[in-house]
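One chain, chain A, appears in both complexes that follow, with chain B as partner in the first and chain C in the second.
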Partner chain A sequence: MKIAQRALIVFLATIFSLGLGIATISAQTLSAEEILTRVDANQVYSAIYYEGRMEIVSGARVKVKTMKAWAEGEDKAFIEFTNPEDRGTKMLRLKDELWMYFPSERDTVKISGAMLRQGIMGSDFSYQDAMSSEELSELYTASISGSEILEGRDCHILELRSGASGVHYPRRKLWVDKEHFTILRGELYAKSGTLLKVLRVLGTLSLQGRRFPSVVEYADQLKKNSKTLLTMDSIVINPSIDPGRFSLQAFSR
Partner chain B sequence: MTRTLISIAFRNVVRHWRRSLISATVLTVGIGMFIFFDSVLAGMDRMTIDSMVQFNDASLKVMTSEYYENRRTMPLSHGLERTAELAAEIAAALPEATTTPRTPFMAFASNRIDSLPALGYAIDPSTDSLVFKLENQIDTGSWFSAAPEEKEILIGKLLARDLGLKENDWILLSARMTDDSLNADEYKIAGILDIPDMSLNESGIFMSYAEAKQFLGDDLPVTTLAVALPRPANLSKELGDSLASAAIIEKNHEGIRAVSIAEAANDYLAMRDMKAKYSSLIIFIVLLIAGVGIVNTILMSVYSRIKEIGVLRAYGMTSAHIRRLFSIEGLLIGLIGSSAALALGSLLVWWSVRSGIPIGDYFGGLDMGVIPMGDGLRGEWHPGTMVFGFLFGVAASWISARIPAAKAGKLEVTEALRFV
Partner chain C sequence: MKRPVAFALAFFLLAPLSGVGAEDGLSLSTQVRTKASLYSTIASPSSFSIGSAAGLDFLLEGSRDRTSFRAGARLSLLQGNEAADLWLALGMPGARDDYLLMAPVFDSAVVTPPSALLTLALEELALRSYAGPFSFEAGLSHANWGMGRAFSPADYFTDIDYSSGQPSRRPTLLGKATWYPGPVSSLELVLTPYSKFGQALALRGYTTIFDAVTMAISAGLREAAGSSAGLLLGGVELSIDLFYLAPYGEAVFILDPGKSWNLQYSIMGGAETRIADLTLMGEYLFAPRKTAVHSIYAAAAWKIDEWFSLTLPLLYIPNPEHLSFGASLSASGFGAMEYRAGLSCEKSAGGDWLLGLSLQASLFF
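Presenting the complex of A and B:
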């Protein structure tokens, strides 16, 4: 466990929550591991609050969910859905455990085992995706496979592989902005090499000297015409959060 | 005198054959339908349990205590050790039992357009049919090849329909492996299964252990050992046998949980008990309709013959004789009608047991929840109900005739002759 300075990963946006790194070192001189370390360094905040909007696109059908989210460190996160259909539905993550509260049933469900692969509220984000909070450099061995101009930005292409137990996506391919060390595109692969998900960062914000991914698209490649767009607004870095927020008691408030 | 009254009563039944026929027909239809409905309701219970036993739960399932605690999340851990030895020990303790291993897992099935949640099972194709009846449910395609050239699986018919797939098509599966990482691979659909259990038909995927180990990890454990026991004639004995056998296995093996079908079906059986009062209400309404019909036709028959009663009284019969005469007539009609009802009810029950009521043909794909409808709705023989129905018909007919006859017997001869 890292010290508290080490940040939180933004729950839903865990995999793609990125910060702005000022590239004072020439990117050309960095190794793959060093690039990944800088990517990880950009993903850390001690606490965050944001209001989010999730557009779940499935064919011609679009569902919109809105939410408020709080997170602290790498182990605590809380989301409350605010759109009319799901108002009062809440999610709590504490370390490796995840619970959901459904107000209509007044029922708290622990999400575990095979349920973790299901999409959150029908989105392309699985519960398992939301549970990932480790630093990429801790899980993967990286290599640079090339460079590419993506959305007008010069990017490193990193190939990440892991043989470790408990790593959901044994292989990833990342497009990392050479200047800001932010991930602009990610491909997540199964052990067999089958592409499972693609993420794209469509918008960023500068916050406290870092570049934060404020608009992220996540697409499940096992479905056609399926994607989820997460837009984060009203972002507050290092807000003061009531410690009681990260407890099951917060469900009944 | 009794012999004379029986003789007169018999002649009256034949003489007024139209009325007798109407009364007997009401009895036949009312009691016959009562026997049939009761059989269908009892059959639903047995079909549900049969389906659970034959396709998913077996007579009992053996697992470790740790797996039992986490079984709802279908973990790929807490597996059984020494599975072959365990199976041999079970066979020694329960000589009529047969066993096969199964490892359930959660997956997603995709045709690259849609992705649907699926319930996967790693099975041993060579021993699965010793316990389950999956092999008999091939709708199209075939069972697993002895030496498959390609990665093959079997899937439920409704899952195939939902994904627009048929046999020999390829399906993309994704699932968590034993080490928690994700894997995805394509499989050829060797066969499509039309399984009476609606949930398996909608989401079931079956692959051999050899394929499952490549897909989910070489260290994929056997998490459950399914045990089949002989099928007794009635449901109560089946549940009792499974409980007793589970107790024997648990007693002989520390750290092992044997989940009997009685335990696995606990929710269904509790729901059935709750439903029993509604089922009884249905039966009561059928019986009430039959009873009202019987009483009405017999009453009409007796009241239309009040003048005849006056004549009999004029010939010197006492009111007791009149009452007995009509009671015997009612009894005769009751015996004829109830016997015919028994025949009609038996015929309908025989048909439903043998062929099944093709309710699915009328309501294609009807989801009856836990009641499997794929093979038609099958009744069950219920001798106690048949005897009760027969006696009820005779008694209702007898009482229906006795009450107006007693009233008529009390009338003066002149009043009876003037009765309109």
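Presenting the complex of A and C:
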């Protein structure tokens, strides 16, 4: 989960971060831990800005949300929704705290623990998904379970397990591009072994000589025929962000 | 009606001086609303009344550099019982302040409400600016103090509207200066020069402690009719995140130095929890005056799926006495449309029970 945070830090991005580094040595020689470290290391951006479009699909119905997002470091993220129904709704994440702002009543609400398990704005992302900030290599013990060609890309299949308390997905299975060390697919499991969520990268774009995940699909397996598609545009890496952006003050601007 | 109009004129004269409305950002949001309702008395002999409402909500937002503004208005055409309900509400003190236009013009001497009523109400009109950790705001807006949703005695400036069954805070004319010493801490000074509660000035400190505790302390002064000394206000707000349960509360006192330091106080307690897709919340307000006053709000909200949700609210307020409960089914995400069907049961101040059915549709663009 950590992966996403470095690159996108904000909730949606958190999940899908794809490694951006270019492999300079044969990936075949790397251990599982080294691969995971490279996946983490790819997320080297100190800050990011993007404009996004989120399509929440349930059966034949589609709900569309658009947004602007800013993120800095691992702990700071700010999102402003721009679609007509939610225009002006804002989210602020600071470490493990999440705040929301509703413009109609100028109301600021701290999202409580009881509410963190629900999907953000009706999507397949929970608030908890948005708030994970640890690096994968810090949380999980990894092993290589095989290789597979996925969407034409040669991938390692990594099995990740964690016994740490507070980890939302104690087991993960990741398909990591052998050349770019980007995650192309992920399966997130509960401690019981139940598959909870599946993420897929459906599109990338080239940024500063690196390949960046720009279209990501996230599917909550506990919901029937449900998935959320995030498309990121206008991505700016390491932009200059006003420090006040990551405070409650930004809600009142 | 005069104050908002005067303020609106002053606002739009001053706004260009601060650069608002330039190309940095200007957006207009619009919502079209339609509603049909039917009410019936439960006791015999039963009687029926029907009504409808159609409206257009505008919200204009602009920003340039460190300054921004929001201007919102609501144009409504009400008929039948919808017109009658508003006509009755307009008789309350301060209820007509935010209306820029009304046809026919409200007349308290007219007992029989008109069959149709056209109104244009100002919902928001505020100018904001910031410099470093300081933010400033002036205009028709919300202070939003307090932790409560339905009852919030710590919000010294705001009136809460219960007419829709969902409590919502009414905007008020205010001036506000806020200092943010940290990301989630603030010190805010608010002045309300024209409030139905009396001119007030108050200071509030707000912060989060140990990630799970949010608290605020406030103090202020408010003018009081018949008192030369004014009233002293003080309040404490607290919310605790216990993960599965989030209790919160407010305690407020009002001291009147001009009346032998007469003390009035209010205590509000509430909690919210979530079980799977069911969210439960409840609030209780205890405000002893000449007699003990108890107010209760509770709501259960079930998210059926990403498109449909069911809400069951219950509200009891003693003055004026009002008891209502019901069910509301909402559907959203159908393009830019939202739909709502509501069934309510309401006991009026006169003791009559009314059964209501309403259908609403809204289009956002």
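Miscellaneous remarks
Note that the second predicted complex is superposed on the first by the 242 of 253 C-alpha atoms of A that agree within 3 Å, B and C clash if a C-alpha of one lies under 4 Å from a C-alpha of the other, contacts with A are read in each partner's own complex, and residues count from 1 in each chain.
Just so it is clear, a contact is a pair of C-beta atoms (placed from the backbone, for glycine too) under 8 Å apart; a residue touches a chain by one contact, two chains touch by 3 or more.
Because the structure is a prediction, the values reported are computed rather than measured.
When both complexes are superposed on chain A, chain B and chain C end up clashing with one another. Shared-chain residue A:D154: touches no atom of chain B or chain C. By the document's definition of touching, of the two partners only chain C reaches A:I56; chain B does not. Touch criterion met: A:V167 reaches chain B, while chain C stays clear of it.
In the superposed model, A:D233 lies in contact with neither chain B nor chain C. Chain A has more of its residues touched by C than by the other of chain B and chain C.
Residue contacts after overlaying the shared chain place A:L222 against chain B, while chain C stays out of touching range. Of the two partner chains, chain C is the only one touched by A:D107; chain B is not. Within the three-chain superposition, the chain B stretch that clashes with chain C turns out to be 274-282, the only such case among 22-30, 58-66, 274-282 or 400-408. Common to the chain B-facing and chain C-facing surfaces of chain A are residues 112-115, 117-118, 226.
For chain A in complex with chain C, the touching residues are 56, 58, 61, 63, 84-85, 87-88, 94-97, 99, 105-108, 110, 112-115, 117-119, 122, 226, 244, 246-249, 252-253.
Only residues 70, 72-75, 105-106, 108, 110, 112-115, 117, 172, 174-177, 179-185 of chain B touch chain A when the two sit together in their complex. Listed in rising order, the residues of chain A touching chain B in the complex are 112-118, 128, 162, 165-170, 190-192, 194, 196, 220, 222-224, 226.
Of all residues in chain C, only 27, 29, 61, 63, 68, 128, 130, 132-133, 135, 137, 141-142, 144, 168-169, 178, 180, 182-184, 186, 208, 211-212, 214, 239, 241-246, 272-274, 277, 279, 303, 305-307, 332-334, 336, 338, 364-365 touch chain A in the complex they form.
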